[in-house]
Amino acid sequence: MYSVKRLEIVIDRSYLNRLLKELENCGIEGYTVLDQVRGKGERGLRESDALADIFTNAYILVACSEETAEKAVAAIRPLLKMSGGMCLLSDAQWVRH
Amino acid sequence: MQLDLFLSNLLNPPVLFFFLGMAAVLCRSDLEIPNAITKALSLYLLFAIGFKGGHALNQSGLSVEVIVTLLTAIVLSAIVPFYAYWLLRRRLGVADAAAIAATYGSISAVTFITASAYLDKVGVDYSGYLVAAMALMESPAIIIGVMLYRRYRDSTGDEGNTSDWGELFRDAFFNGSVFLILGSMVIGALTGDKGMTALKPFTVELFTGVLCLFLLDMGLVAARRLSDLLRGGWFLGGFSILLPLFNALLAVVLAALIGLSEGDALMLMVLAASASYIAVPAAMRLAIPDANPSLYVPMSLAITFPFNITFGIPLYHMLVKTLW
Amino acid sequence: MQLDLFLSNLLNPPVLFFFLGMAAVLCRSDLEIPNAITKALSLYLLFAIGFKGGHALNQSGLSVEVIVTLLTAIVLSAIVPFYAYWLLRRRLGVADAAAIAATYGSISAVTFITASAYLDKVGVDYSGYLVAAMALMESPAIIIGVMLYRRYRDSTGDEGNTSDWGELFRDAFFNGSVFLILGSMVIGALTGDKGMTALKPFTVELFTGVLCLFLLDMGLVAARRLSDLLRGGWFLGGFSILLPLFNALLAVVLAALIGLSEGDALMLMVLAASASYIAVPAAMRLAIPDANPSLYVPMSLAITFPFNITFGIPLYHMLVKTLW
Amino acid sequence: MYSVKRLEIVIDRSYLNRLLKELENCGIEGYTVLDQVRGKGERGLRESDALADIFTNAYILVACSEETAEKAVAAIRPLLKMSGGMCLLSDAQWVRH
Amino acid sequence: MQLDLFLSNLLNPPVLFFFLGMAAVLCRSDLEIPNAITKALSLYLLFAIGFKGGHALNQSGLSVEVIVTLLTAIVLSAIVPFYAYWLLRRRLGVADAAAIAATYGSISAVTFITASAYLDKVGVDYSGYLVAAMALMESPAIIIGVMLYRRYRDSTGDEGNTSDWGELFRDAFFNGSVFLILGSMVIGALTGDKGMTALKPFTVELFTGVLCLFLLDMGLVAARRLSDLLRGGWFLGGFSILLPLFNALLAVVLAALIGLSEGDALMLMVLAASASYIAVPAAMRLAIPDANPSLYVPMSLAITFPFNITFGIPLYHMLVKTLW
Amino acid sequence: MYSVKRLEIVIDRSYLNRLLKELENCGIEGYTVLDQVRGKGERGLRESDALADIFTNAYILVACSEETAEKAVAAIRPLLKMSGGMCLLSDAQWVRH
C-alpha cells in the first residue's frame, strides 16, 4: 500500500473527452468514469433529458501521485472554468495487488 | 373551414400526446420515460423517416426539380441565421445571439414528421424526397452560427475553447442524428421496393404509434424546460414565435418561385419555421461554450416546437391554400 | 370441459413466458432484462390498453349502463381494504395491515390484460370500456389504506413521515401509470376511429408480443421476490390466495346485481381479485414508511399475480359459466 | 484550494426528494446524485426490479463547509432512521476554478 | 450469376446497416445506441427466432431426419474446438488457444438470422427446425474449450480461478441467450398455430426492421473493436477468415452425408462458420480468466462476423449450388 | 459518529459476484454497488459494448472497521490480481442514525 491522491471531478459531459485528454497529457494513466450523473451547483439544476442531451454531468475518479494530481489540477482548471463543475482532492491508500 | 384545419391538427393523436406529457408535469405526476428509451424512440424515428425518404428518392430519381428544391432548402437554412443573429444582437451578447441563430436556421425532424402526419390526415400529398431537404438543412446553420460567433466575439476570455474547424464540421455533418437519417436514406434509395417490402411493417406501420410515445416524452421535457425560459422575460418568448412565422413566410415565397406543390410548399415552410433542439444544442455547447443553453434549448423545445405543431402547421397550410 | 379452460389459459403464450421467466431464476440462468426496458414495456402496455379502452368508450358512449358499471367498480375497490385490514390485523401491525389492504383493494393492469387475452382465445366478448373501470380502481384503495393507517397507528415514532394529504392524493391519482392509462383513454376517446386506424398496428397488433416479453420479465422478478416472502410463513401466503378468491366472489355478486354480461362479469372478478405491485407499493413506501415492502410486494407480485393468471382466471370463468 | 467536508449518503430512492429538500434547507447549494445504485445493509439486499420500483438506492455526494455538514447531518438523521441508508463524512480539498 | 448472389446479399438492408454502423465509427460520428437498447434488440431477436423455430418444430415434429440433423450439428460444434486449438497452439498460449477454439466451435445467432434473410431474398427454402440446431450448438464448445484449457495449462498461477464444473455447465447451458432461445422454442412448439397467429405481427413482421437496427449497432461495436485486433498482426486476422471457411467445408461434407436440402446445407455451413461473441466470451472470461478477451472478441465480432455476412454466405451458397 | 475505513474497489464486472462473496466471508455486511462504470488502467480502455458484455467495470463502496478492511483487502487481492482493477482505502466518519 502506498499513499495516493484521489481526484474527483464532476463536469458537463459535453467536455468529458477534452478533460480525459488533458488528464492523459498530465501523465494520468488510470481513471474511472460515470457517464451520467445529475446535480446542482452554481449553474443550477443539471438533469439529463436525453433530447437536448447537454444537461448532464459526468463523474471522474482518478487515483494518482500527489505530483501528478497537482499538475492535473492546474491543467483542468481552465476547462472547469469554462464548463462549470467541481473538483475535489482527498487522500487514500492504493492497495497493491 | 379554417377552424377545421386547426381541429384536424389538434385531434391528431401525436399532438394530443404531446399535451398529455405537458399535463403530466403540470399535475406533478411522476410519469417518466427512461433516457435510454427516449434515445431509442428517436433512433427509430430517424431510421424510419430516412428510409422512407430514401425509398421516395429511389422512386422519383434525382430530377432537376428535386435538385432545385434541395438547393433552395439549403440556401434557406443558411440565410436564416444571418438575420436572426442581427435581430437577436439588439438584446443579447454575441455568443447567445449566434447560438440561437444557429438553432433557428436548423430544423426539427419531429416537427417535419408531425406535419407529414397532418398532411396524411387532411389528404394532401407531398414529395417523399423532402426528407432529403430536411437532412441537408440540419448542418449549414451550425457552421454559420459558429462563423458569426468567431467573427464578432471580443477576442478575450475564450482560451478554454480549443475546438477547431475540423471538429466543428464533424459535429455539424456527422453528428448522430444527421448521420443516421442520411445513412438510412441512402440505404432506402439503394434497396428500393425490395427493401421497402421487408421493412414496411417496421418503418411505416408502427410509425404513428412510436411518434405518439416520443411526443409524450417531448411534452414532459418541454414542460420542465419551460420554467427556465420564463424567467428570461418576453423578448425571447416573442422571438420564438415571431421568427418562425417570418421564416415560414420567406419559405413560402421561395416555394412559389420554384413552383412547389401545395404539400411541398407547406413542408418547406414547416422546415424553415422549425428549430433544432437535438443536433444544434450539442454542437453549440462545444463550439460556443459561453452561450447559455438554458436559453436556446427551451426556446426551440418549449415554445417554437409546441407552437408549430399546434398552431403553426394549420396556419401555414391556410396561407398556402390562400396563395396556391 | 372444465379442464379445457385451464389448458386453454395455460397454453396462452403470455402465461408460458411468465413461467419461462420463473424457470430462468430457478435454473440460475443469467437472463436479465434491463430496467429501462421493463419500464418501456410497461409504458407501452398502459398506452395501448388505455388507447383501446378510450376507443371502446368512444363507440359505446357514456350510457347509464357504463356509468353504473364504473361506479360499482369504484365501490368494490373501496370496500376491499376495509375487510382486508380487519383480517390482517389478526396477525400484523397497523402499518403492514394497512399497506397490504391497499395493495389488494387496487388492481393489476397486467392481470386484466392477460384475462382479456384469455377471453379472446376462448371467444367470449367483453366491453372495452372496462378499461375505464380498471383505471378508476387503481387509486381509491390507496387513499383508504392510508386513512386506516393514520387512524389506527399509535401516534409515536413517525415524526419522519411528513407527507401530507395533498401529496398523497397526487401520488394516488396522478402517479405515472394511472396518469398514462387515463390520458391515453381520453385521447383514444377523442380521436375515435381515425385515431384507431393510425395506431392499430402499434397498439393492437403488437400487443400480445410485448405482453409476452413483459410477462417474461415479471416471471424473473416474481421468482426473485418469492424467497423474501417464504421466510414469512404460511399466513401471508394463504392470504394472498384466499383474499383474491373472496374478492372475486364479492365481485360476481355485484356483477349479477347490475346485470353484467358473462365476459364483463369475469373481468370485474379479475379486477377485484388482482392486487397492485406498481402504483400502490410506490405510494405506500412514502405514505406508510414503517410498513415492510418485502411483505406487500412479493404477496401481490409473486403469489397473487401468478395464481390469478394461471388458476384464477379459468376458475372465475367456470363460476360465471355456472351462474350465468 | 480550501478544506471542505465530503458528505456521502446512500438512501432509499423513494426518499431522495425529501432528502434533497432537507439539504437545501441547511444551506447546501451543490450536490451530485446517482439515481440508481444497489447495495446491501441492515435491511438486506436492495436491488431494483423496475416493476415495484421501490427497492433502489440513490447515492448523493455533497461537498460543503464543516459547519454546513454538521447542520446537514443533524437534519437528515431522522430521515435516514426512517428509510434506512448510510451517511459518511470525510475530508477533501476543493479546487477553486 | 455468381456475382448476383453477392449483390443480392449486399443489397440486403440488414447488411447495409451493418456497414452504416462501421462507417459511423470511421467518420467519427457520435452515433450511439444505449446499452439497454442493444440488450433489448438482442432479447427480441432471440425471442422471435426461438418462437419461429418452435413453431416450425411443431409443424415438422421430431422425425428421424430432424434428430439426425440435430445430432450432426452438435457433433460438428464439438469437433471444431479440437482442431482449432491444435492450430492456434502454434502461435498462442494454452489459455488464448482454448478460448478462441471455444469461440469458433460455438455459433452466432445473428449470422444465422442474416443467412435466413438472404435465403428468403433469393427464394430458397430451409427448415425452420434448424433453429434448434443453432441453439444446441451454442454450449458444447464452451465445455470442450474449458476441458482443453484445464487439461493442458501449466498448473501454476491460477489459484484465483475458483469456478468449478457445476458453475461452468450452468454458464454454458443456462446462459441468458441460450435459455431464452430454447425457452421461446419450447413455447412456440407448445402453442403451435394459435400462438403463431397471436404473435406473428410482433415476431415475424417486425423482424427485419429490428435486425437492421441491431446490425447498425453491431457495426458500431465491430468497428471500435477492430483496432484492438489489428495490433495483433496477421496470424489471427487470417485465422478468423480461414478457419470459418474450413468449418464450412466440413459442414457441407456432413450435410451431404446426411442428405440435407440445399437451404439446410447452407444453414449448417453458416452455423459451422460463425463464431460466438456473446455467450462464449461471457463464459470464457470466468472460466479461462488468463485468456485475453481483446483477442477472442474482436476476432469473432470484427472479422469473422462481417466476413460471413458479406462474403461468406453467398460463397457458401455458391459451393452448395455447385455440389447439389 | 465513529471512524470507519472507506474501501473503494473497481473490478471487472464478470468477477463482481465472486468479489461480493469474498467480502461477505470477511464479515462485511454492508456495501453499495454501481454495476456499470467505465475506465482506463493497465489493461487499457474498458468500455461496455453490451454485446460482448465483458468490457465493463463495477464499482463497490464499502464502509467498515479498519480491522475488517484489512482482512478484506487481503482476501480480495488474488481476485484483483487475476481480473485487474483498483482498490483504494481512505478514512471517513460513519454517521449513526
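Order as written gives the chain letters A, B, C, D, E and F; numbering starts at 1 within each chain.
Here is the rule we go by: a contact is a pair of C-beta atoms (placed from the backbone, for glycine too) under 8 Å apart; a residue touches a chain by one contact, two chains touch by 3 or more.
Computed from a prediction, not measured in an experiment: that's the story for all the values here.
Chains touching both chain C and chain F: D, E. Relative to the C-alpha centre of chain D, the farthest chain centre belongs to E.
Chain C and chain E touch with mostly distinct residues; of the residue numbers seen at this interface, under half occur in both copies. Chain centres here are C-alpha means, and the one lying farthest from chain F is B. Each of A-B and B-C has its own count of C-beta contacts, and the greater count is at B-C.
With each centre defined as the average position of its C-alpha atoms, the distance from chain B to chain F rounds to 46 Å. With centres defined as mean CA coordinates, chain F is found 34 Å away from chain E.
Distance between chain centres (mean CA atoms), chain C to chain D: 34 Å. If you average the Cα atoms of chain A and of chain D, the two centres end up 20 Å apart.
Chain D has residues 34, 78, 81, 90-91 in contact with two or more other chains. Among all residues of chain C, those that touch two or more other chains are 34-36, 39-40, 201, 206, 282. Here, these are the chain pairs in contact: A-B, A-D, A-F, B-C, B-E, C-D, C-E, D-F, E-F.
Of all residues in chain E, only 34-36, 39-40, 43-44, 47, 51, 170-171, 174-176, 179-180, 183-184, 186-187, 190-191, 194-195, 198-199, 201-203, 206, 282 touch chain C in the complex they form. Interface residues of chain E facing chain F in the complex, by the touch rule stated above, are 35-36, 38-39, 42, 158-162, 217-218, 221, 224-225, 277-278, 281-282, 285-286, 289-290, 293-294, 297, 301. Within the complex, the chain A residues that touch chain B are 12, 14-15, 18, 36, 44, 48-55, 78-79, 81-83. Residue ranges on chain A touching chain F, taken from their complex, read 1, 4, 6, 29-35, 61, 63, 90-95, 97. Residue ranges on chain A touching chain D, taken from their complex, read 8, 10, 34, 37-42, 57, 59, 73, 77-78, 80-81, 85-91.
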